[in-house]
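The following pair of complexes shares a single chain, chain A, combined with chain B in the former and chain C in the latter.
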Partner chain A sequence: MWALFLLLFLPLFALPLLVVLGASFATNWSGVLPSGPTTAHYAAATRGEALQALTTSLVTAVAASLLALTAGTWAALAAAELGKRRRKALDALFVLPLAVPSVVVGLATLVAFSQPPMLLNGTRWIVIVAHTVLVTAFAHQSVSAALTRLDPGYAQAAASLGASPAYVLWRVRLPLLLPSLTAAAGLCFALSMGELSATMMLYPPDWTPLPVLIYAATDRGALFTGSAVAVVLMTATLLVLLAVSRIRTRASYR
Partner chain B sequence: MAHPTTGGIRFDHVTVAYDGNVVLDALDLTVAPGEVMALLGPSGSGKTTALRAVAGFVRPASGRVFLGDRDVTGLPPHRRGIGMVVQQYALFPHMRVEENVAFGLRARRVPRAEVRTRVAEALEMTGMGAYARRHPRELSGGQQQRVAIARALAIRPGVLLLDEPLSALDARLRSGMLAELARLHRELPDVTILYVTHDQVEALTLADRIAVMDKARLRACGTPRELYRAPANAFTASFVGNANLLPVTVGRDGALLGETELKVDTGSAVPGASATLCVRPHLVGLGDGPNRLTGTLAELQWRGATHRLYVDVAGHRVMADVRELKAPPGHGEPVSLHFAPGDAVLLPAEVSADDR
Partner chain C sequence: MTGEPAPGAVAPRRSEDRQPGGRARGAWRPCLWALPPVALLALFFLHPLALVVQQSFRPDTGGTSLRPYADVLASTAFREALWTTVWLALAATAGCLVLGFLLALVIAFVPFPGARAVARFVDVFLSFPSFLVTLALLFVYGSVGMANGAWTGVTGAAEGPFRFLTTPWGVLLAEITYFTPFVMRPLLAAFSQLDTAQIEAAGSLGARAPRIVRRIVLPEALPALAAGGSLVLVLCLNEFGIVLFTGAKGVTTLPTLVYGKAILESDYPGACVVAVVNVLISVGLYGLYRVVSRRARA
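Right, the complex of A and B next:
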């Protein structure tokens, strides 16, 4: 079992990441292993343009995750009150951005928001909107899955004690959903941090997220600098996910 | 917004249906203020649906539900001012015991100082005062149920709904909690209690009156003694206590079980009609006596203090609970049974007399 796991895990997941990590410290890679160890790429990857891009990515991902979480949770809560057929229809609608290629979502966002009165083209907001559209599906799915698992007995007990529906939502249902909400937030954040294809079609010059920078670096042949930026992206994402998972373990009750 | 509800519960022709499937059929039932009414029946009998109609979680297709003289049929659950305890406790896992108990009071915006005293009071009453700072997951099943009861009592409801509150507990805990509930009701004599259960012992022990339900319908309603001594029909006889139900033909001053003539009070039954004779097993004696039945022993169960005999009498199986026998008869041996004429009740014949 373990042997099979290692056999699949190493080449598929670990090796590519190790290669990127190795390349980020190298000045050239012509033999089996990279050579000429240096930290110069990291110096470049953590200041100026790259630092700016990291901030851009973080702000975009946080904003998109929060928007997606709000919209997705709201929709899931509303859908839970609907009949079975209409709930299915709503679920399908929310999964649509996943089924459609993200390039198409990017193009659609570009076309939709290039005309007044909703002229977002050329602003950072169009990137945030596109990311929100792309990740809301995940937020909606994980919250509605958690909602179906949530025992209705809690909300009913609360109602019988005299709590209005809003009070029940705020004090009972949302706290019980918190573990799923933070899990969904982490997923949305990670997806937004790595989003490239839709972003490529939309980003204005003053709002360049990190994946675009990595793409640009590798495109012009600066593989090692690109690798260093990629490691920075990876580290930043993992750190945030780790922080989110800390919240999650503190909020899980059983 | 919290209406104190006093004055009991009244079901006025309440019918509940899911997708055209009638689960509660025109229930008429009045629970007097301060009374403990048990809704007793097998699963699917509509007893829980009746309780949920009072709580407001099911809406009747027709009929009205009254709390006191207030028609609450169209009222959402949180405006009804009732306390409810369910089988699975439903304690909020993210709150401490004291926060759980305070929940209803905080939802009603009761001043903080009063919340504190009333939470302490409710926990004291259920013997859970020492556990206020714990989380529900740190408590045993019986303790969780006590907290659930404290939580329901903290809002001082006029009506308390208990939905199979002891079913999730093991047998020993159950009898302890049963005594506990009886004590609580003595301390709170003004609270009207509707107690849903499938356990006849709980109903007989706790209830002032029992409403027996079967297949969405109310089959009988009366004090435990009435239902036990003079059940109105075979279903009630078999569900409230054990019963021998024998198909008989009504005679002039007795009844005929096959060829055997039995002396019983025929009441208003018409001679020649078929009827069901109900005799409790513990009122059937072994040996010769009035209303003698002879048959062969089919099965013998030793239950410590008693022996239960299953005797085949003219094709019918008769149960008898007798004091432990020193020399019990063997299987297949001929056995005589008897019962006093006053211990038998003649019931109207039913299509399926032996369904239980």
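Right, the complex of A and C next:
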């Protein structure tokens, strides 16, 4: 049983990551193992175009996560106050971006913001808007799931002691929600960092996120440079997720 | 954010509203607070989506007609893409279900020290983009990759035998690899609630492992399997990165057809038609997934 597990699990899930890691340090891979160890790809992957793509990705992901978290949390909090039927309708509405293919979200954003009243096409904002739309559904889902588990006793106690609704929200409910808010933020960030499909539809030439750069590199045959950039992408995502989970542990101890 | 006192402002009123007799009093206030996020969603998502539908009825020649639909639905490119998308998604879902069930079974019931690390690893795996899997497969099974390199090294042949990567089978392998964890997670949750006494009783009465799995574990896991399977089906239907990265011109699915028509051919009405078809299929299936997963939890 053990052997079977290792036989299935390792090649399937660990191998892809190890292979990309191995290839990023190699110049050639025509045998069982990569050959020609080098760090030149990393030198290329951490300056110029690639460095710019990294900051582009980070800025886009942070902006999209924060916007999505605000909108998603607001919607979840507002939905919790509605009657059952209206709440269901609101939830369904906010889950819809999950069900729509992200390529179509990209196409829709492109069609809508390429014409005058709101001309965003060609600017970085169109990428941020599309990412925000895509991750808002995840933010909303995790916050509303957390809200249903929240003990209403704290908020009621605070309100009965004369705290204003704004004070209850700011000092009681949001702090209680903080662990799930940070979890949602991490999820949104990771999704936005790796978003390719909608981005391919609408990125302007001066706002190229990392996944697009990786695709461009592999498309012209520079597989090894592409994997170095992919490792940079994975590392950046992991570091931010780690930081977020540290905030979360601290938040849940409070 | 500054606007946030909003929803909470109505919290204490809740009990008041629910009182028998005083029903409708102040019921509009929660709706008012729900308005800003809904307006934003309408502006940035629903309205653009409506424009896509509108454009799908507007051929380049002008006017409003069903021409784009007639053109696209009659084209072989669309029919082939539709067929490829559907069979790839179905096959990948079946593969993920089988593999995910086996793996979750081992993680849940065979005690070993690394089980928690494995569960962690799966979470990390899910936070990476899907195209990384295809990128890795290019090194493993690509024309100059690991498997072919090993083959030519051992046999001395000029070319390796593995050339399936640019065919739909390469996409299928990548999709199964990437989406299996999506099946494993609900299964692991379901297994953790399974009453082990049943299994022990069956075992002490002489039932062997396959029989226990078939008669006890499988029925318990069915709702989780259904939920995970329908989620993976939707995700596979909409997968874009994996198909794009294989670089196979022969493999076109609905999402890559949308991309090709809009960006490469600048045929927006055609792209919008494909997009509408894709949305209808995927929203329909996603609705099914929501119903099934709600049943699974109940």
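Just so it is clear, the second predicted complex is superposed on the first by the 243 of 254 C-alpha atoms of A that agree within 3 Å, B and C clash if a C-alpha of one lies under 4 Å from a C-alpha of the other, contacts with A are read in each partner's own complex, and residues count from 1 in each chain.
Following the convention adopted for this analysis, contacts are C-beta pairs under 8 Å (C-beta built on N, C-alpha and C of every residue); 3 or more make two chains touch, one makes a residue touch a chain.
From a predicted model like this one, the values you see are computed outputs, not experimental measurements.
Of the two partner chains placed by superposition, A:59 touches none, neither chain B nor chain C.
When the shared chain is aligned, chain B comes close enough to touch A:175, but chain C does not.
When the shared chain is aligned, chain B comes close enough to touch A:157, but chain C does not. Shared-chain residue A:222: touches no atom of chain B or chain C.
Of the two partner chains, neither chain B nor chain C is touched by A:236. Judged by the touch definition given at the top, the superposed model places A:129 against chain C, while chain B stays out of reach. Contact comparison for chain A: of chain B and chain C, C touches the greater number of residues.
Using the contact criterion defined above for the overlaid structures, shared-chain residue A:247 touches neither chain B nor chain C, since it reaches no partner. For the contact definition in use here, the residues of chain A common to its chain B contact set and its chain C contact set are 156, 159, 165, 168. Of all residues in chain C, those touching chain A in their complex are 1, 3-12, 14, 27, 30-31, 33-34, 36-38, 40-41, 44-45, 47-49, 51-52, 55, 99, 102-103, 106-107, 110, 112, 118, 121-122, 124-125, 127-133, 135-140, 142, 144-146, 149-150, 152-153, 177, 180-181, 234, 237-238, 240-241, 244-245, 247, 254-256, 258-259, 262-263, 268, 271-272, 275, 278-279, 282-283, 285-287, 290.
Touching chain C in their complex are the following residues of chain A: 1-2, 4-5, 8-9, 12-17, 19-20, 22-23, 29-34, 70-72, 74-75, 77-83, 86, 90, 93-105, 107-113, 129, 132-133, 136, 155-156, 159, 165-166, 168-170, 173-174, 186-187, 190-191, 193-197, 200-201, 211, 214-215, 218-219, 223, 226-227, 230, 233-234, 237-238, 241.
Across the interface of their complex, chain A is touched by residues 1-2, 55-57, 76-84, 86, 88, 90-94, 103-104, 107-108, 135, 137, 151-152, 155, 161 of chain B. Of all residues in chain A, those touching chain B in their complex are 151, 153-154, 156-165, 167-168, 171-172, 175-176, 178, 251, 253-254.
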